[in-house]
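The structure under discussion is supplied below as structure tokens; questions concerning it will follow.
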Amino acid sequence: MKRVERPPILLTGFEPFGGDALNPSQEIVRALDGEIIGGHRIVGAVLPVAFASAPPLLDELIEHHRPVLVLALGLAGGRGELSFERVAVNLIDARIPDNDGAQPIDAAVIDGAPPAYFSTLPLKAIVADLRARSIPAGLSLSAGSFVCNAVFFGLAHRLATHAPRVRGGFVHVPWLPEQAARHPGQPSMAQAIMIDGIRAALACAIAVRDDLCESGGTIA
Amino acid sequence: MKRVERPPILLTGFEPFGGDALNPSQEIVRALDGEIIGGHRIVGAVLPVAFASAPPLLDELIEHHRPVLVLALGLAGGRGELSFERVAVNLIDARIPDNDGAQPIDAAVIDGAPPAYFSTLPLKAIVADLRARSIPAGLSLSAGSFVCNAVFFGLAHRLATHAPRVRGGFVHVPWLPEQAARHPGQPSMAQAIMIDGIRAALACAIAVRDDLCESGGTIA
Amino acid sequence: MKRVERPPILLTGFEPFGGDALNPSQEIVRALDGEIIGGHRIVGAVLPVAFASAPPLLDELIEHHRPVLVLALGLAGGRGELSFERVAVNLIDARIPDNDGAQPIDAAVIDGAPPAYFSTLPLKAIVADLRARSIPAGLSLSAGSFVCNAVFFGLAHRLATHAPRVRGGFVHVPWLPEQAARHPGQPSMAQAIMIDGIRAALACAIAVRDDLCESGGTIA
Amino acid sequence: MKRVERPPILLTGFEPFGGDALNPSQEIVRALDGEIIGGHRIVGAVLPVAFASAPPLLDELIEHHRPVLVLALGLAGGRGELSFERVAVNLIDARIPDNDGAQPIDAAVIDGAPPAYFSTLPLKAIVADLRARSIPAGLSLSAGSFVCNAVFFGLAHRLATHAPRVRGGFVHVPWLPEQAARHPGQPSMAQAIMIDGIRAALACAIAVRDDLCESGGTIA
């Protein structure tokens, strides 16, 4: 008799861009891929840093895996903590080309879509939980206007229009120490702390439906 | 027959201050105490955050252990990398009281001493070595005017006047992640990275006398 | 025979808050009140820093004056340039109480309204124009979640629903020098520069409809 | 009968460097040249941004004018207030070439000179006075290791060795607004405020010998 598996958690990162040899979001996804959180297996995927191809690929992943929760990760060099984005805006305004060489200016992410979406994750509970776990974390009111925001917006729009009961969100992560070593004076975060933080955020996002999100509590 | 032991390395940190429950410099010292670097045993010591008692205690430690090298560590909340101080100034100007409640204003660290001392560590070699090891590190031109600078100045003066062949220096370290979790938006550094960085800095400072300071090289 | 007057420009600022004795946005409004820009008289108004009363007061002002253009100004201590906000979000999350003592958390500005509005001013033309006039200016993707954003959102919603042909926007301004003198290390901007910048922004916003917005050009 | 003139105040700035078309320190010097402060005429001079030629030129100016007070000004792009330097260090470590193409690394400003000099101006009285006058001002513990620090060090050494009763100091000033307009997000200060601030600082430095340095007081 076939065992019914719980729907997975979809966790995405990005490939390196802007001349960097690695991207911490990719490393986190690789590390957590296959782990089980609250009975849900994490399916990791790495997206291209490209306006044209990243959103449809994410749509396909959602269509294929039918996840219970989707968390997308991206790099925000210069920030010092895990930065939980509250809002995705329907705006692309690229100051550098993406990895395909595209650099749209003042464009919509999706024509005809709403101007913005709010994250549907329990962000304040997550940030409180991470801080109680000694992991630097905070809220952010802007995910920028580059591919990170476009993926966050595309994700939110997809869920709103195709799977309204599925939670989704976006986290910007700092540079890895090896990256900051080449950017004097810039903050960074050790990969192990990022991984612990994202794992805890996922656990909290799953558990909060049962009011279990408390650090040191019953979250496995 | 008595075995002749090489002189030790003296490594100092500070106790917590300013309302914090811990001080990363103290944690680093505890972690490295007793390790052997280039044949020299690390002797760790924790200093009080007090203008009156820290410098004489450091003098006693130098007198007692007769180290080959002295490195003092302190916390600089808000910096994001290991910050190697180039110069100690003969100035105390405290914006908050020390742990004894003393708050000297516009005072000399040591009356009659020179206005400043430069670090005698090979700072650029160390910073290059740490960056090659993927550890965020940089140079700094000011250790402030609080107890950190006073200890650095007292150390430099003691060595200059009593042990001119002994190298000495000071490193400011970032907040630990668990501290930054209570200071939203502030940078931090994982304890393991700090420990690796200070260990490598000591190895480089010892080895540079033989031109061996190169990351990935023969430094044990 | 009655002379038909062109519709005015409505320019709003805020009263002081957060313990400050003055608010640069109020000073700018007072200075520009009554000036004529492109044939349109500026009507200045000062809003309370209060979630409950500022938006309805702004609605009344729009209703009464039937302006051709509305620009709201607010203080963003810590920023160093005139900061033209691109997007208003339907979110209130106050970290300090407003001047009425209200501190809403995770609330909508207007229940049932869209999640966000984009500024309808020609922001890039304005910023380019100001920079060419040697006035520090930039774009911003977040007006925060305090009264400034609430007023910006309320303004945008009012115009979208009642006067869709009227342009509206929001500018965050730095501290005045006399305020920065009490906030060591913080950036500021001279009042005269702010006034010149806002005047030029209004002229550009009016003129751009005829493609005249160019610094050094025909803008009066 | 010849009227005995009081000795002048020597005020120096720098020519532009690093690709900038102007330097605020030069503009301030031009504006204040010839003014009378406390009976002392200001003699303004503009120094080259060159390690080899700036210090000897300053020595000649001191030798020629025999000033009662010397204040040197320089640009520190990125700072937001008038920054009164407390200490000059005997160190040159240039990250970019000077205007002659020289880029000394880890060199002394003056071989055989002391490691540092402290400013002999009443810096805290000046900063308090400026803040009371609503002018953003602060103290700094590092003038860097480029030409600014070299001129400050050379000035302090000259006065200490040749004219120990003459006060001397250095002030770093922010970018002008027209410069910040080309450096998005950077702080600036209006030229008129810089001029007022330096004038008040000179008045305070002259007056403090008679304990008259109080804003709103008898300083003309």
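We call the chains A, B, C and D, going by the order they appear; numbering starts again at 1 in every chain.
The definition used in the following text is that a contact is a pair of C-beta atoms (placed from the backbone, for glycine too) under 8 Å apart; a residue touches a chain by one contact, two chains touch by 3 or more.
Remember, predicted model here, so these are calculated numbers, not experimental data.
S.K.: Could you tell me which chain lies farthest from chain C when each chain's centre is the average position of its Cα atoms?
M.R.: Result for the farthest chain: B.
S.K.: Centroid from C-alpha atoms only, then distance chain A to chain D, rounded to Å. What do you get?
M.R.: 50
S.K.: So how far apart, in whole Å, are chain A and chain C when each is placed at the average of its C-alpha atoms?
M.R.: About 33 Å separates the centre of chain A from that of chain C.
S.K.: Which residues does chain D have that touch at least 2 chains other than itself?
M.R.: none
S.K.: Linking chains that touch, what shape results: line, ring, star, complete or other?
M.R.: Ring.
S.K.: Once bound in the complex, which stretches of chain C touch chain D?
M.R.: Chain C residues touching chain D: 80-81, 130-138, 176-178, 180-182, 184-190, 192-193.
S.K.: For chain C, which residues are in contact with chain A within the complex?
M.R.: Of all residues in chain C, those touching chain A are 86-87, 89, 91, 106, 114-118, 124, 141-142, 144-145.
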